[in-house]
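Residue numbering begins at 1 within each chain, and the chains themselves are lettered A, B, C and D in the order written.
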Amino acid sequence: MSAVPIAIVGANGYSGEELCALLARHPGIRVAAVSSRTHAGRLVGDVLPRLSGWPGIGSLSFCDSQIGALLASGAEFFFLALPHGLAAEFAVPLVEAGRRVIDLSADFRLRDAGVYSEFYGARHPAPGMLADAVYGLPELHRAAIRSARLVASAGCYPTSILLPLVPLLRAGLLAPDSIAVCSASGVSGAGRKAESSLLYAECNESFRAYGLPKHRHLSEIEQELSAAAGSPVAITFVPHLAPMTRGIHTTTFANLAAGVEPDRISETLSAAYADEPFVRFRETLPDTKHVVGTNFCDIAVRYDDRAKRLILLSAEDNLVKGAAGQAVQNFNLMAGFPETTALLQ
Amino acid sequence: MSAVPIAIVGANGYSGEELCALLARHPGIRVAAVSSRTHAGRLVGDVLPRLSGWPGIGSLSFCDSQIGALLASGAEFFFLALPHGLAAEFAVPLVEAGRRVIDLSADFRLRDAGVYSEFYGARHPAPGMLADAVYGLPELHRAAIRSARLVASAGCYPTSILLPLVPLLRAGLLAPDSIAVCSASGVSGAGRKAESSLLYAECNESFRAYGLPKHRHLSEIEQELSAAAGSPVAITFVPHLAPMTRGIHTTTFANLAAGVEPDRISETLSAAYADEPFVRFRETLPDTKHVVGTNFCDIAVRYDDRAKRLILLSAEDNLVKGAAGQAVQNFNLMAGFPETTALLQ
Amino acid sequence: MSAVPIAIVGANGYSGEELCALLARHPGIRVAAVSSRTHAGRLVGDVLPRLSGWPGIGSLSFCDSQIGALLASGAEFFFLALPHGLAAEFAVPLVEAGRRVIDLSADFRLRDAGVYSEFYGARHPAPGMLADAVYGLPELHRAAIRSARLVASAGCYPTSILLPLVPLLRAGLLAPDSIAVCSASGVSGAGRKAESSLLYAECNESFRAYGLPKHRHLSEIEQELSAAAGSPVAITFVPHLAPMTRGIHTTTFANLAAGVEPDRISETLSAAYADEPFVRFRETLPDTKHVVGTNFCDIAVRYDDRAKRLILLSAEDNLVKGAAGQAVQNFNLMAGFPETTALLQ
Amino acid sequence: MSAVPIAIVGANGYSGEELCALLARHPGIRVAAVSSRTHAGRLVGDVLPRLSGWPGIGSLSFCDSQIGALLASGAEFFFLALPHGLAAEFAVPLVEAGRRVIDLSADFRLRDAGVYSEFYGARHPAPGMLADAVYGLPELHRAAIRSARLVASAGCYPTSILLPLVPLLRAGLLAPDSIAVCSASGVSGAGRKAESSLLYAECNESFRAYGLPKHRHLSEIEQELSAAAGSPVAITFVPHLAPMTRGIHTTTFANLAAGVEPDRISETLSAAYADEPFVRFRETLPDTKHVVGTNFCDIAVRYDDRAKRLILLSAEDNLVKGAAGQAVQNFNLMAGFPETTALLQ
């Protein structure tokens, strides 16, 4: 197979940088363009010193993030590592021009433009394209991703929450109104934004909740949970900022549906993920240290027999399985590469 | 008032060291003895370099942790910063000799020796003394602490969990079977133990749950919650290790009791803590950074109107309000000092 | 003694916040005013949640940083925790109005306005007042500080570099042209500035040099070293940013002057600091962990017999002995309090 | 080329684990054996959860570290990730049996058994084999490594110190007696040892020097510097522990040789490393963040014109270019793979 030409739009954020680093190892692609409004004209290796010296990507220059230039690059697949709202401005013309898009933003994750408005505080920029988009969590929607023109790569918190819950809700094992979720994220999840609350001296030795009680990610989480349960599911979700650069750890509480034996939980998760290359359902309690730098999501389960409550635990790297790695996994499916290419080899 | 002679037994752990640092600022005491089996004969300031150069404590030498020597020191109050099981071996003869004891261990926190056996895996070392002991959380048991001979200073996780919940359970505002708790603790909470799981390279950039699903602290938490509710309460508790040295952050989920309006929660907590010097019930979300190095416990509340669930958030320094500071607060009550002495002045 | 009225100007930076925290423990003062241009009108405890609940300071409101209002507050001593350049705008009218000033900025640390221009890239804002100012490092200039109207509290790096070197240069024990210094600072040293290079995700797991080869602090370092040596001294200084919030560690290389025996070094430092309350010259190698939260500067020395080179090591808390604590120590001298008040008791 | 069978001896330390992770990506090898005395019989993926789920290595079991079993595995190349002293016990019989060895320990880095005794405090375990061993720093000894039977992979500190200095000493540009080095290492450099000084709560927010003034690595550093200079070189070396998991940053001071223009330094380093795939000589100041997880060593230079002193700065990942990555780079040379295989592709 000759190298597939790809482009990375908005490569200077944390997800974009990680995407460049992952794609630098991909044997089947050629980076036709890497763009940044801020850094157009500069060498990638100068802006992102970690990438300097890598064959290919390190010696490219950022082009401007202009549709015309991007189309002219000849890229067939476009990774959008842009803020929500802005991503749609690129996705629409690219898809209309026949290109295939992997969007890392939230713009096309929701099927309902009204929910988008409710959670993002603005009208959806391209409601007509929502029907075309596939929610980019391969473990849930692999077949649809393969043939999609536009994949809305799943978010970081949602991935860590959906992977343990969806198989259980599909099997009717949980009481849907009993779900409460506590997540802790590394600070890179907030992006490369110069805000004082994200300074080292503010985050180090600090643990704090934020975004309560209606974090934006709830919209896509509940969309997928409801689909799995076959009825509307509303959950409580409390994200926390932990003093680490990368990693998300999620602890989920739920009650079993009436009459369900606790053993069914392990059996169901074990069966669901036996053949998944990137989900490790294990006895060992998840630890962000085990997954950082990888595309794995680790899952474990415990049953609190005293309080009759299920505890699900999961961990992933927010920039890999929660962003750039997931995007590459989606791309591999779309482009016909083995799903683990550049991720597990 | 002439200086009250006190002794610190087992001063070389993290809680003991913090206790020495706090007491170094106490204007009403005199350190009659500071003991350590490991370091007997060495200067405190050599073993704990942070304390070197402090008038008094820094230039004392550790004595051996022998009852005879401790009694001979003339100390009237004894702080026990020892592992559970060992603390009782000191508490019993000290109390019997007429001294007053502030025990930082778990040995006398439970009223029921059977619960101790269940959670600590051993027979209680001195069941006959349990009736004398007062659970050392001043916000709950201030009057009893003042006159107690033996105060079992409350544990770190329990303090952060009990302070937000107890006033609400006392007022009957919560569904007692709905409580699930997620806590994140700094690594100092595990003590100064040379275990490979506590190494810097294992804990840094790591977030992980542990001790599931039946952590020892559940025993004292449920004892106090049940007392507040007037009926047995069982909760789910998931402690996590966060990559920070100090601090505990607790996020508690609960449902409101039938018919309770969400506004009652804030009103109740506000009233409960209006005059407490060390509980800050505020609108601001708690952050361990705001409390580290202080004896404060910060509390906030949010109501998730979508999922109809209450979220309580609290933060404290596990070594201060969760251990040494609480012990000093208890001591101040017992010895008749203003409660905030050496803590907030 | 009745309480001395003081004011803190620019209290919302890291040094200002630390100053508030230290002064909250000072039994001899009354905070007449605390100012901030950004936060005027807001409660100190709301802007700086760590200070909430402290008697006094926590319930004050920030006033605007206007000379008129500050003078009207009745404060006799003014702490300036402002950026360089701006501090002089306050220092001049305050001193002219008969108030006494402890300036934490660099504005009055240099005796020579030309050196200021060279290192700070701007004309000195008040060269006429330089002669009045005393360099605020008590261990070097205690007597002059006591009676000074304007004390320019010594900087963080300079304190850690001057304390080990000055006694040795005064005694003629070092080859002055042989001095090279490596310092590592916690990120709070850069202040509460929303710059992307100071974000958690940029600083964590990062160690890097910066400000090479002519850091601004060299000007005051060399001024004081030259005074100690009796002739001009130029050194090499490489500051590094370490992934920690607080603390400075300095490693200094120097050759012995011809004919000097290595033993003279320890003897000289030991004699110089035997009676200093805040300098701990010890055999133990300094560790920022031993000094963080204290006003101590720890010093040790090693001689490399193979390469015939002296190694001096020192550590301090950049926000305490390197800023706010030093300012309080200076204030205590100026106001006639015991030097250790609020710092070591 | 058919897959080359390799073995990893002592895979459960940090370097061994990193080696497994790197080799998991190597397309030209087959892991014939992975051994651990402690964990023999257990799955690699259970002991090192990060490696679970990786094709190949993750599902292997540790074998015991016995020569017979290792030879029987059929491996042609052996990586020894063992403590010094122990490594020689394996290297000798393996080399004698015709296998080729990449030793990550210090056992064969010195040509002179007497220097080994002096620095390691024990007789060299196999002095007769020192003449066969090649110092495994490819940038210095590439040709010899290709054909070596036994490569003593260079140490972490030495790599960061030698790469900037050797080209300059070879060219006679430095005054050899003027070299003083300050390094800061992440805590993983101390290995996975359960020592209390390496606990999270001891290392976090701590910066401290250690191993003064005669660190073991000085022996190999001076051996290679002396070879480069053509005469004995003794340097001062101060290693520090920084609160990070990985990374070494080195700051080196040196004076120029008489008559040397500062510009010669950049020219010489630029020429020396123009074609090296893993040395990035750049204008940007090195930052451990740029190199962690990679096999790069970044180098920059500054000249302090005021004090007439050269400042060399370098950064690497202590577990990659300082250990496992270097070992793979050496292996690639020995086995005839492109040098960057599994490291930069």
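Note that a contact is a pair of C-beta atoms (placed from the backbone, for glycine too) under 8 Å apart; a residue touches a chain by one contact, two chains touch by 3 or more.
Predicted model, so just to flag it, every value in this text is computed and none were measured.
Student: Between A-C and C-D, flag the pair that has more C-beta pairs in contact.
Tutor: Higher C-beta contact count between the two pairs: C-D.
Student: Going by C-alpha centroids, which chain is farthest from subunit D? Tell me that one.
Tutor: Chain B.
Student: If you average the CA atoms of subunit C and of subunit D, how many Å lie between those two points?
Tutor: Once rounded, the distance between the two centres reads 40 Å.
Student: Centre to centre, by mean C-alpha position, how many angstrom separate subunit A and subunit C?
Tutor: 46
Student: What positions in subunit B touch 2 or more of the other chains?
Tutor: Counting only residues that touch two or more other chains, subunit B contributes 186, 202, 204-205, 243-245, 287, 289.
Student: Residues of subunit A touching subunit B in their complex?
Tutor: Residues 177, 179-180, 182, 184, 186, 202, 204-210, 212-214, 218, 234-236, 238, 240, 242-247, 249, 251, 253, 285-289, 292, 302-307, 309, 311, 313, 315.
Student: With touch defined as at the start, can you tell me which subunit B residues reach subunit D in the complex?
Tutor: Per the stated touch rule, the residues are 14, 186-188, 192-196, 198-205, 243-245.
Student: Along subunit C, where are the residues that touch subunit B in the complex?
Tutor: Per the touch definition, subunit C meets subunit B at residues 25, 27, 46, 49-50, 52-55, 205, 277-278, 280, 282, 284, 287, 289-291, 293-294, 296, 298, 344-345.
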